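Labels for the chains are A, B, C and D, by order of writing; each one numbers its residues from 1.
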Amino acid sequence: CREMNGKRFDNVALDILLTDLAKVNNSRDRANRLFQWLIHPVQDKSFFRDNWEKKPILIQRQNADYYKGLFSTAEFDRILRNDDVQYGVNLDVTSYTNGKRETHNPPGRALPYTVWDFYESGCSIRMLNPQAFSSTVWQVLSVLQEKFGSMAGANVYLTPPGTQGFAPHFDDIEAFVVQLEGRKHWRVYNPRCEDEVLSLVSSPNFSQDEIGEPVMDVVLEAGDLLYFPRGFVHQGDCLPDAHSLHITISSYQRNSWGDLMLKLMPAALEVAMEEDVEFRKGLPLDYLQYMGVQNSEKEDPRRDRFMAHIQGLMKKLVSFAPVDAAVDQKAKDFLHDCLPPLLTAEEKAGSVYGAPARWGDSEALDVAVELKSQTRIKLVRAGAARLCSDGDTVHLYYTTENSRVYHKEASKSFEMKTEHIDAMEFLIHSYPKFVSVASLPCETAEAKMSLAELLFEKGLIFTAEPLTAQ
Amino acid sequence: CREMNGKRFDNVALDILLTDLAKVNNSRDRANRLFQWLIHPVQDKSFFRDNWEKKPILIQRQNADYYKGLFSTAEFDRILRNDDVQYGVNLDVTSYTNGKRETHNPPGRALPYTVWDFYESGCSIRMLNPQAFSSTVWQVLSVLQEKFGSMAGANVYLTPPGTQGFAPHFDDIEAFVVQLEGRKHWRVYNPRCEDEVLSLVSSPNFSQDEIGEPVMDVVLEAGDLLYFPRGFVHQGDCLPDAHSLHITISSYQRNSWGDLMLKLMPAALEVAMEEDVEFRKGLPLDYLQYMGVQNSEKEDPRRDRFMAHIQGLMKKLVSFAPVDAAVDQKAKDFLHDCLPPLLTAEEKAGSVYGAPARWGDSEALDVAVELKSQTRIKLVRAGAARLCSDGDTVHLYYTTENSRVYHKEASKSFEMKTEHIDAMEFLIHSYPKFVSVASLPCETAEAKMSLAELLFEKGLIFTAEPLTAQ
Amino acid sequence: CREMNGKRFDNVALDILLTDLAKVNNSRDRANRLFQWLIHPVQDKSFFRDNWEKKPILIQRQNADYYKGLFSTAEFDRILRNDDVQYGVNLDVTSYTNGKRETHNPPGRALPYTVWDFYESGCSIRMLNPQAFSSTVWQVLSVLQEKFGSMAGANVYLTPPGTQGFAPHFDDIEAFVVQLEGRKHWRVYNPRCEDEVLSLVSSPNFSQDEIGEPVMDVVLEAGDLLYFPRGFVHQGDCLPDAHSLHITISSYQRNSWGDLMLKLMPAALEVAMEEDVEFRKGLPLDYLQYMGVQNSEKEDPRRDRFMAHIQGLMKKLVSFAPVDAAVDQKAKDFLHDCLPPLLTAEEKAGSVYGAPARWGDSEALDVAVELKSQTRIKLVRAGAARLCSDGDTVHLYYTTENSRVYHKEASKSFEMKTEHIDAMEFLIHSYPKFVSVASLPCETAEAKMSLAELLFEKGLIFTAEPLTAQ
Amino acid sequence: CREMNGKRFDNVALDILLTDLAKVNNSRDRANRLFQWLIHPVQDKSFFRDNWEKKPILIQRQNADYYKGLFSTAEFDRILRNDDVQYGVNLDVTSYTNGKRETHNPPGRALPYTVWDFYESGCSIRMLNPQAFSSTVWQVLSVLQEKFGSMAGANVYLTPPGTQGFAPHFDDIEAFVVQLEGRKHWRVYNPRCEDEVLSLVSSPNFSQDEIGEPVMDVVLEAGDLLYFPRGFVHQGDCLPDAHSLHITISSYQRNSWGDLMLKLMPAALEVAMEEDVEFRKGLPLDYLQYMGVQNSEKEDPRRDRFMAHIQGLMKKLVSFAPVDAAVDQKAKDFLHDCLPPLLTAEEKAGSVYGAPARWGDSEALDVAVELKSQTRIKLVRAGAARLCSDGDTVHLYYTTENSRVYHKEASKSFEMKTEHIDAMEFLIHSYPKFVSVASLPCETAEAKMSLAELLFEKGLIFTAEPLTAQ
């Protein structure tokens, strides 16, 4: 029983789901569907109304296979064997015993011989960026990041029976705890005070007497999901009879209104100082005599006037705030944080990765196969490229050359020629529809083709039909 | 004919004025009087109402000796002879001929032999910080900085007859052109556009066709004063019959409301994000789809809601703004910029510089002479020390160990012990009255004495009577 | 027809050769055999006597398949398709037309679509570190580096028919040009002067009239080899009828006696100044009056005495030279430069990479399988680890954690405990023999086992028989 | 009774001596005479034969006024009062009580009020660079540096009766302890071992049981001198009945043959590698197998051959050593270390500092007074300027723009034009004779004059007669 229209996914294994998603032609729809699967049977609307950034929710499914295919300890073992997993970089060995939290990473590569020895002696194993090693995790996160409009990350936690690997603490991200194998006992606690609600920083490790009574005390079984907002204290431990493997999917790190204002306010002030002489006028000659901490308890009408004046300027600042430009600053950071998209076979066939140019029998073949005026193109993903202003110029920022390893590559962008900007905007807003090269709003046919060639060569677009030599 | 009560100074040579000022017991009064002398017969009130930051004013006096004693070419020659004046560091050789502005500094020390050769060949000579070489200039500026609450600087310009040394331009400071010798033809032009009114940056050199018609076209004679605000374009050239020596006294560089807000806004946002959860709440999931430059022409009700929300937060920011702490940041910069005070003989006698401890006949003498409980003390200057908050601690910032060379010394401060803070504030606010050590509001006599000793040893206070061994 | 005893390899495909090498139990023997294959039928002895660092040699084979399997344009096409090859980092596009040498790298990833377009328009393609993408090249170079005792590197060059990609120049390495496909016309020229013989730096591009007449003018066919020493000018161009693919294997970059002395001389002087007072004695009071360039043409007996004295000290320096420590400095650099070894299946089985510890059905299995006293061990390669002195301590430097990308990883080493040093030296000198853990010359059984465990966990040794759970 | 011809200076006060020295026309002679006065009645020749760098010597004079005028505690008190002496920068407060050595510097300026308080409580006062504050000390050191060909420095030590300020230690300089006031008990100890003889580094503080028995145990009275070489341990303490003031004049810090070789050896190796192919030849293929610390105990004939070969190359290096260029490197450091010369009134009159160009009555006067062809010139000091090679160019390094504060100014030099080099060398070697501008060996009269003008403007030469306007 599976329906793709959002209602039931109970028996849909992840690989079938991903195959179906590949047929959806809008990456934002893919993101919505995948997120719906993640929180099923809770509805997107009710989740974001009642839980998101508000309170924890436990989703129990009595279906140990619900998340099957996402990740497993067997795959983890394969990764250790075949890939260069480094202690302290990709993997942490931890323990929390008698109230003491310790890390046991030796230097060098983490191989099964030593990792399983740590596990056997009661240590927890945390894999820090499974998306760099598992294509499925990469794919799931790269789809979900379009749902969140904020980087989606993940950690995997493997815990031996009867042990706990971490002290109680809270994080700076929205957390989706996806139980993959075994079971785990979780306790979740309300934020300890107003200032820790939706905290923008992670906490230190707490002792048990600093955190109060749990508001949730549950056992997560394989196939279950636990969500809690940033700022909620939590701890999980394994029961004596079973190990636990879970993956925590996270998002919304430093993605608050205040974080946007950190970009916006300096820009607003810069504009105001350029455009409004009130901001350039001199301070009162005598302000240091009544303002400042040493004068803060003085009764002085000049203090009141000074306060009123600066508050007036602060309010006036609103009208100079370049909100869209500040959002672009935020967007640039996000595009740098993004995982690169994982293209489907069909998408690849229509992209530069599938172009037929190749080495044949002692010569280069199909080199002349090229885009044509009637070729229909679209962006590889709704969020794979974005026009952002950088002062006087416009740059296209994009995700396709990012690495699966966080910020291993520098932020990628290039300056847009003036003659290409409108067409680029047109292409972005046309998504998910294909549009012909000829339909791009450039002044000349050459400009249309040079933009299309540029985007094609960078892997930012694919064609409705694969390019062929006829 | 001279009166010290502000009305007439016509025949008061500068040294008599300074001698009289030394008898004024409040450094702020000294500053007011010296400034009044500078702009005499214009009144302080009318100057700040009509001219300051508004429009140029020319004050003609028909008294070539009015500013006598402030600086002269003869003193400049003495300085070249006796002090280490370096080309490019302390002195520039410039010319402006046929619309071309050039600098001719050789490397190394500027000696009369080469400087007068440059002058003779038609170059202008600019001395960059005469306060480092002339005690009178130092004294005048160190008094005036208390008037302005902002660093007072100076350049000296010597121009041969029939030449011009600089291209038309505007500066980022309020300028008082004090004609010392000879005469100079000046043309002043209105700011070229709204954005250059009260400009916070200096302009490049302009060509004659970029600046329009002058609003003032005058000849400054020795003893005259020309003031113009920042942003006003100006140029001066010598008539064929006379050289010119003037000193330009400047202030209010980056001392605008906007400059204060550059300190204030980040602090306000930091407080708001800590104290108000509204600033920590996440941005809308989909905001990148309708905000940002690429979406700025979209009609979308979500854009309006987003704009309204962020404007609401910006307004709310006002209530979190730590204005006094931001003023302290500004004050710290000012105290670092300040010239050190030049003490009068009487002030020196009551300070650590006049204490009788000395080397006598093979032994140290008068070492035991010390402050006593009944000793009456006051700050050396109203603005010589200031309590400023640095997060959790309170520091005393002070100017007495600054150098006559701009920022040659690091900013000077020390942390105030909690037990001393109230007493320090009391002492600052008691200025210009002397108060006894005993009257300081500390809990113990030891604390009173240790604060007084500390301030005395740092040269921050002087005593009503010189310390003696009785 | 193939014989492994060095005489004839004519029909031995590279994969068979490598399979045979895997059975050789000493990595130095493997290196000798692989090098013999490279220069076959020339003998190692005669090559190093007559050609190495002396003069070019051409080996023609009339066997286009001799180097088959090492690399091919088809493999290059596969790499472009599947791996992240970046223009300017991993690949250069060049041309040399009408005496002008140009580089045409665009930014970003090199995909077949653009690379073949460049090729088709007459550009040469240089792949900079094929060992990072081809396991066969990696393996061949990692074996050869043990022959040279110096890093072995490689570039691959693909040139279209009738074109030339590079200007005449000389390099700073010994070059083995291995023709893989097609043919290429080569001209080699003697070093232009004494100072360029065995040059330690590469030359700029030369024009044709700066290089004289070639001493060798030949056409290299697939299966042929051309060797020339550093300092020999060379240029290659394709005939109109065939493309060319060759790989240049290089070594001995900055591996001269002088390079060793750059490590040795400062160390020698440091020791001499510590141990011999003659080096600490003061210079003559008046030496500046007769020594130095301004005095170099003076006749002065003091000059002769000074010269004689310093020459005496220079000669004396010989007796303080810590040659072995300087060799260790050189060795450390080499071990950092090395490619990591590529283990055979059998070697892997006996190493930590083949240990049976694994994840089974919800639990960790075979965790207790461990080294025992009677387990026999040996280093993975003769040159994979080296004891070097660092002042007062002894470190083990090793190559096994290096990257296939040059210096991507920091130099790897760890400090040896005193109790392990003799045993480590014993293990190194025992190579290629297996020795039992029990036979290690440590004072205690615990020390023997802890050293063996450490080396095993780092992948530096393998066991005679794979570890099993009995 | 005084004779200037070296024999007796007993009653010559320092100011008379310096006046007489001013009449000596060769700065090297001045240096010899001043040094002779320092060690009188010991002869220069016997001192350098028997004591310098060999063993301590005490010179007792029974003449408390012998060094009068060099420095005094009264002058020290004046300096504290008038100059900006900073604790920790210019002055240290120390104590050595019950075997414990402490430093008591507060932050900020050292004023008599606090300094004499420290002194009174038993602390020693060390002034770190009295030459920056005392013109006499400056003059004495600037003359002596020409004797030593190495920087001459000084510290002043003031010690209260019955105290000791420093723990036993040795220094890295030749020390001349000049007793100025009071008396002090000194104990000097032989270097503790061979490696500390003429040590190039200073020692830590020793305890009394680490230093053995003194080889000298004396009381220094005012007018006495104590010399000891670097590496000799020493300690001084005041007797209960008198304070002590002494100045220690030091030289020969890092001025050994080994220090010159630190410049010479890398240069020698660079030349050898460029000029001799033997140094560019590759190391043996297998050298890492028998060389290095891990092989150092092997018996292997290849080791012997390797050693012999590298020793041969080390010996060969001698012939490539650019000794004069290395001396120039050393000379450049010395010229940067030098104190600037203090010109006599007569020297000043003939130099750029005495040129008559000046500001007169509203105009520049005597600007046209210039060097002429027949003007006779000489360097201001034998060691004030030096031609040094910098690879392909020749620079003139000079001391006249140095600061009295160590390395406050960057090293001063300028490139010599080719046409001036011979003339510059001629001028240097002509010292102390005056030569006419016309006699300079340049090709053109213009070149002669431009060199003379350049040197005159930089203050490097003076004329036989002051320049005048006739």
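By our rule, a contact is a pair of C-beta atoms (placed from the backbone, for glycine too) under 8 Å apart; a residue touches a chain by one contact, two chains touch by 3 or more.
Note that the structure is a prediction, hence the values are computed from the model and not measured.
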| item | value |
| --- | --- |
| Most widely separated chain from subunit A, with each centre as the mean of CA atoms | D |
| Between subunit B and subunit D, centroid-to-centroid distance (C-alpha), Å | 42 |
| Whole-Å separation of chain centres (CA-atom averages), subunit C against subunit D | 50 |
| Averaged-CA centre spacing for the pair subunit D and subunit A, given as whole angstrom | 65 |
| Set of subunit A residues in contact with two or more other chains | none |
| Interchain contacts (touch definition) - all pairs | A-B, A-C, B-D, C-D |
| Contact set on subunit D toward subunit B in their complex | 73-74, 76-77, 81, 106-109, 111-117, 119-120, 181-182, 242-243, 352-353, 355, 357-359, 362-367, 401, 414, 456-459 |
| Subunit C partner contacts - residues on subunit D that touch it in the complex | 28, 48, 52-53, 147-150, 174, 194-195, 197-200, 252, 255-262, 264-266, 268-269, 272-275, 277-289, 291-296, 306-307, 309-311, 313-315, 317-318, 321, 323-325, 327-328, 330-331, 334, 382-383, 386-389, 394, 425, 428-429 |
